[in-house]
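Next up: some structures, all given as structure tokens.
Two complexes are shown next, each including subunit A; its partner changes from subunit B in the first to subunit C in the second.
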Partner chain A sequence: MNISTEISDRKMKQRLLKDKIFTNVMIFLAFLSGVPLFLILYQLAVKGYRQFNISFFFEEAPDTMEAMIAVANNEVIPGGIANGIVGTLIIVGMASLIAIPIGIICGTYLAENAEGKFAGLVRFIVDMLQGVPSIVLGVIGYIWIVKPVTNGFSALAGSVALSIMMLPSIVRSTEETLKMIPGTLKEAALSLGVPYHKVILKVILPTGISGILTGVILGISRIAGETAPLMLTALGSTVINTNITEPSSAVPLLVWEFYNDPNLVNMIWSASLFLLLLILGLNLSAKAIARKWKVQY
Partner chain B sequence: MESTILKLEQMPTEQKYKEKVVIKNPIEQIESPVLKIEDLSVSYGGDKYAIQNVSAGIAKNKITAIMGPSGCGKSTLLRAINRMHELYPNTHNKGGVYLGDENIYELNPIQLRRKIGMVFQRPNPFPTMSIYDNVIAGFNLNGIKLKRSEKDEIVEKSLREVALWDEVKDALHNRGTFLSGGQQQRLCIARALAYTPDIILLDEPTSALDPIATSKIEDLLVKLKKDFTIVLVTHNMSQAARISDYSMFMYLGELVEYGKTRQMFTTPKDKRTEEYLTGKFG
Partner chain C sequence: MNSEKIFKYLLVSSGVLMVLIALGIVATLFVGSIPSFKEFGFGFLFSTEWDPTEGRESYGALPFIIGTLLTSILALIITFPFAFSISLFLGEYFKDGALPSFLRSVVDLLAGIPSVVYGLWGFYALKPLVAELGLNAQGFGIFTSSVILAIMIIPYASSLGAEVISMVPGSLKEAAYSLGATRFEVVRNVIVPNAGSGIFAGYILALGRAIGETMAVTMLIGNSNNMPTGIFDLGNTMASLIANQFGEAEGLKYTSLIEIGLILFVITGIVNYIGKLIMKKLSA
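Up next, the complex of A and B:
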């Protein structure tokens, strides 16, 4: 109508344009941060797909001679990573058996005694633990288990090292989840005369199940790809080994071994792809559980 | 807290009513009470008391309302009756509460809470449990084994008592948290009833509910007093007037006045009660 509204109209248009540009830049940057993951997946798939066959999952890693002959004849390297898969399952499984109960108990304690001095100390230690380099945990596994307990490298030692590594994620997710649960729920149970330990076990923990499970799965996905601590503990093995007091292979250890053997170098891609898919799968399932099992209160 | 106490002491009413109306032996006001509160003081820590020297008998099969402005200690008094206040770590109390001849502070809190159930301000059904399991949660969580038929019977009876049966009988195995607020609160009452306590304590059970849900619960409480003794905290005076038989008026941690509801609303004995009832504060 008059000049001032016209000017503000123009300003308005400018602002809207800026807004649009800003939004698009943000979308672009967000997209950019996803690019490396897709590039990696693409790279691994292109180079590793030929190796992805049935024997890849069910046969032990080939020795260097077999691989050399196959490469020379331009054939797919025979064998697979079954020793690594079995080793990873056993080592990660045992690490979970150790870390899950301890982590949940610890996180529950922290949530229930938020203010206490001892809780503060525990919280501090857990935070420190989160920052301990994984190779140091390998050293711990070596000192605690390899030398005194199994008298040599062992899957058990690897599990102990990895269990320490997954502990912080379980503790913190349990604590955070339980803190969100309204106190009225605990009151409801206590007012029915339910003893405290049963209130925790039967009411509070089940209510927090989705958050706790999410933390557990993220913890597992964090350790499943660890190599360094296993080098000092589980060491590696060319055959499938189910005895936990003996050295054992693991998928990330195999990747390292393949890297060190020029004849086996082509196996790196498929083994890495397997590891990456495993971890992606774990992360996706953590998300799905967080959504599906969410308890409404 | 201290400043409010000072304010009370400076209150002009206090001077006008120099002879403060002391309730003469408030326990004996009630004939054969089921519950006797004797000179009870409760502190959340230190030497400040949230309620002080409260004495009152609770009449069997009646509704007793506890009224008073926010922060006056209604919830504290109620929770002291089934020892829920002990949830806070530094509580201590003086005086006693007697259920029959037993001092509840000498009972095991777990046994005590079987006899004195509680319903809270916000409906709090167990979110992981179905409606059915919520009703028998007291048994399940305490590891009390029941036959299927016994469970069915308890669930139906309790849900009928809270007039929820017809609304949920086809959805017994759905989660309780999908019900409306009013239904959830009735479910919580059913959960307390299922355990067949002698006394049910309710702490502002309708303050989170709409008027229709509120009136349903009020009707329900009036019906339930046939089988249970009910103690109801409310800061809604008209609610107390509508459904309670006896009323307590609390102010700054003190039981100012206690008597028949009708009498208290028509001829309050204490100036502070009168001021509260006429809306001068609260």
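Up next, the complex of A and C:
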């Protein structure tokens, strides 16, 4: 009797100990996963802030010689990433112009046809498009635009590749948002004799605007940092270029160029810091929009 | 009535456009790989040679297929304990409050860091560490890329898991507690069997991510075209090979790279399809 309670006592203690160890290891590992984020932020901030000045935003990227001389004199490398910023604005802007309308229309179609066979096929394809590796879309941009249309690397080709990348997230977020809007809203408008397309355009879409906007911003943030497809399409340029049929630079492309040029190494950190802040800012604003403008029923 | 019709056509045509884009991608990759397929046939998949020397050009995909699978599966293994911990933390142990919402934001932000920045950090922080540990002479290689990939896919691997874990019915857990189970035993005997396939689906989708990841891998894997001999060896993935060589490629090499792109497309497609299939079974 005494022995058996002792044994079960010991077993109980063991079980409790196991539980405690498991909980602590789990909490430790969960938070350890976040450490790289802070290490990356810290490294970029410490090494990158020196380059953050007015000229960083308004001057073109320096060439190797200028940078070498500056480093030799222990000065801050002159020049900035203006060609990259302008390129990113143009490439991402054009990609958005292509992807946002198509994405919202397609999302509306899927939300309005929840059951249809064709809609099911479209939904499946959008899911599959979401998984296509970005480098493959770069190859597609090259074959579709670089070779036949612009006869050379171009910002347009980059935009096309990125727009395909951006589409799925806009389609899905539009669909999910519109599906959550209660049917009574639509029925109320229809019963007043409002034609179907006006119900969609003036009642349903405005009601879901915050969810759609969140999806759009997340889509933009997804493509803004993409490098691989741009290497095969926009290629990069050392000067500011506003002609979309010509090669163009972009901030992530500049990071890649700086990485490959030992003299420009100091520029990597500031360019990356800028890119990271841009993307994190987009993500946070998407979250804020989702939270602030959340429509409650 | 007229604008009504136009509007409906517009909605449907957007769906048709999606189908056309997908078909266009597949057709483009197929047509682009025809010359390479004519030259090498199915041997392309099994040849280990990548020799661009003029006159005796020969291309094969096997080292890169192996390199891709090795890096991404290794990344998944490394990421597992971390992603699972996050899923449990957010889905079961701490659902509300400041700490979990902090962790949730951190994980979201990890997903937002561009691949090229991960690559930089890997190059300047992780690579020297790997070299110092003596795992590999210069710190480049499959292992280094896998570690970076593991960090990159944490958000994808953990978020679905957290969701399904939080949906495990409370009554099941309470039944186990009432029998005197500890929390760990509830996790092992109730939550994991219940949410297992959902957690697994999350890992499959994360694997799809890892397979297609380009920049960070390109910067860390060492870009060797030989067959990797182990996880600390240098290598190349399909994505990093295309990123490295597509720009200056012509002729046979160009179409071989497109065929590599096609193989990459098919593999990620299959992996994602399996993931979606498991998810679909869950919701049904």
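What to note about this one:
Definition applied: the second predicted complex is superposed on the first by the 264 of 297 C-alpha atoms of A that agree within 3 Å, B and C clash if a C-alpha of one lies under 4 Å from a C-alpha of the other, contacts with A are read in each partner's own complex, and residues count from 1 in each chain.
Here is the rule we use: a contact is a pair of C-beta atoms (placed from the backbone, for glycine too) under 8 Å apart; a residue touches a chain by one contact, two chains touch by 3 or more.
Given the structure is predicted, the values throughout are model-derived calculations rather than measurements.
Aligning the two structures on subunit A places subunit B and subunit C side by side, free of any clash.
One of subunit B and subunit C touches more residues of subunit A, and that partner is C. In the superposition on chain A, A:L121 makes contact with subunit C only, not with subunit B. In the superposition on chain A, contact of A:T207 is made with subunit B only, not with subunit C. In the superposed model, A:L89 makes contact with neither subunit B nor subunit C. In the superposition on chain A, A:H197 contacts subunit C only, with no contact to subunit B.
By the touch criterion stated above, A:E187 is placed in contact with subunit B alone, subunit C being left untouched.
Looking at the shared chain after the overlay, A:A45 reaches neither subunit B nor subunit C. For the pair subunit B and subunit C, the minimum alpha-carbon spacing after aligning on chain A is 9 Å.
Comparing which residues of subunit A touch subunit B with which touch subunit C, the overlap comprises 195. For subunit A in complex with subunit B, the touching residues are 182, 184-195, 198-199, 202-203, 206-207, 209, 295-297. Chain contact summary for the complex, subunit C toward subunit A: residues 3-4, 6-8, 10-12, 14-15, 17-19, 21-22, 24-25, 28-29, 32, 81-83, 85-86, 88-90, 93, 103, 106-110, 112-121, 123-125, 151, 154, 158, 182-185, 187, 205, 208, 211-215, 218-219, 239, 242-243, 246-247, 257-258, 261, 264-265, 268-269, 271-273, 276. Of all the residues in subunit B, the ones that touch subunit A in their complex are 82, 84, 87, 109-114, 117-118, 120-122, 124-128, 137-138, 140-143, 175, 177-178, 188, 191-192, 195.
For subunit A in complex with subunit C, the touching residues are 15-16, 18-19, 22-23, 25-34, 36-37, 39-40, 43-44, 102, 105-106, 108-110, 112-113, 118-119, 121-122, 125-140, 142-144, 164, 167, 171, 195-197, 200, 221, 224-228, 231-232, 235, 252, 255-256, 259, 268, 272, 275-276, 279-280, 282-283, 287.
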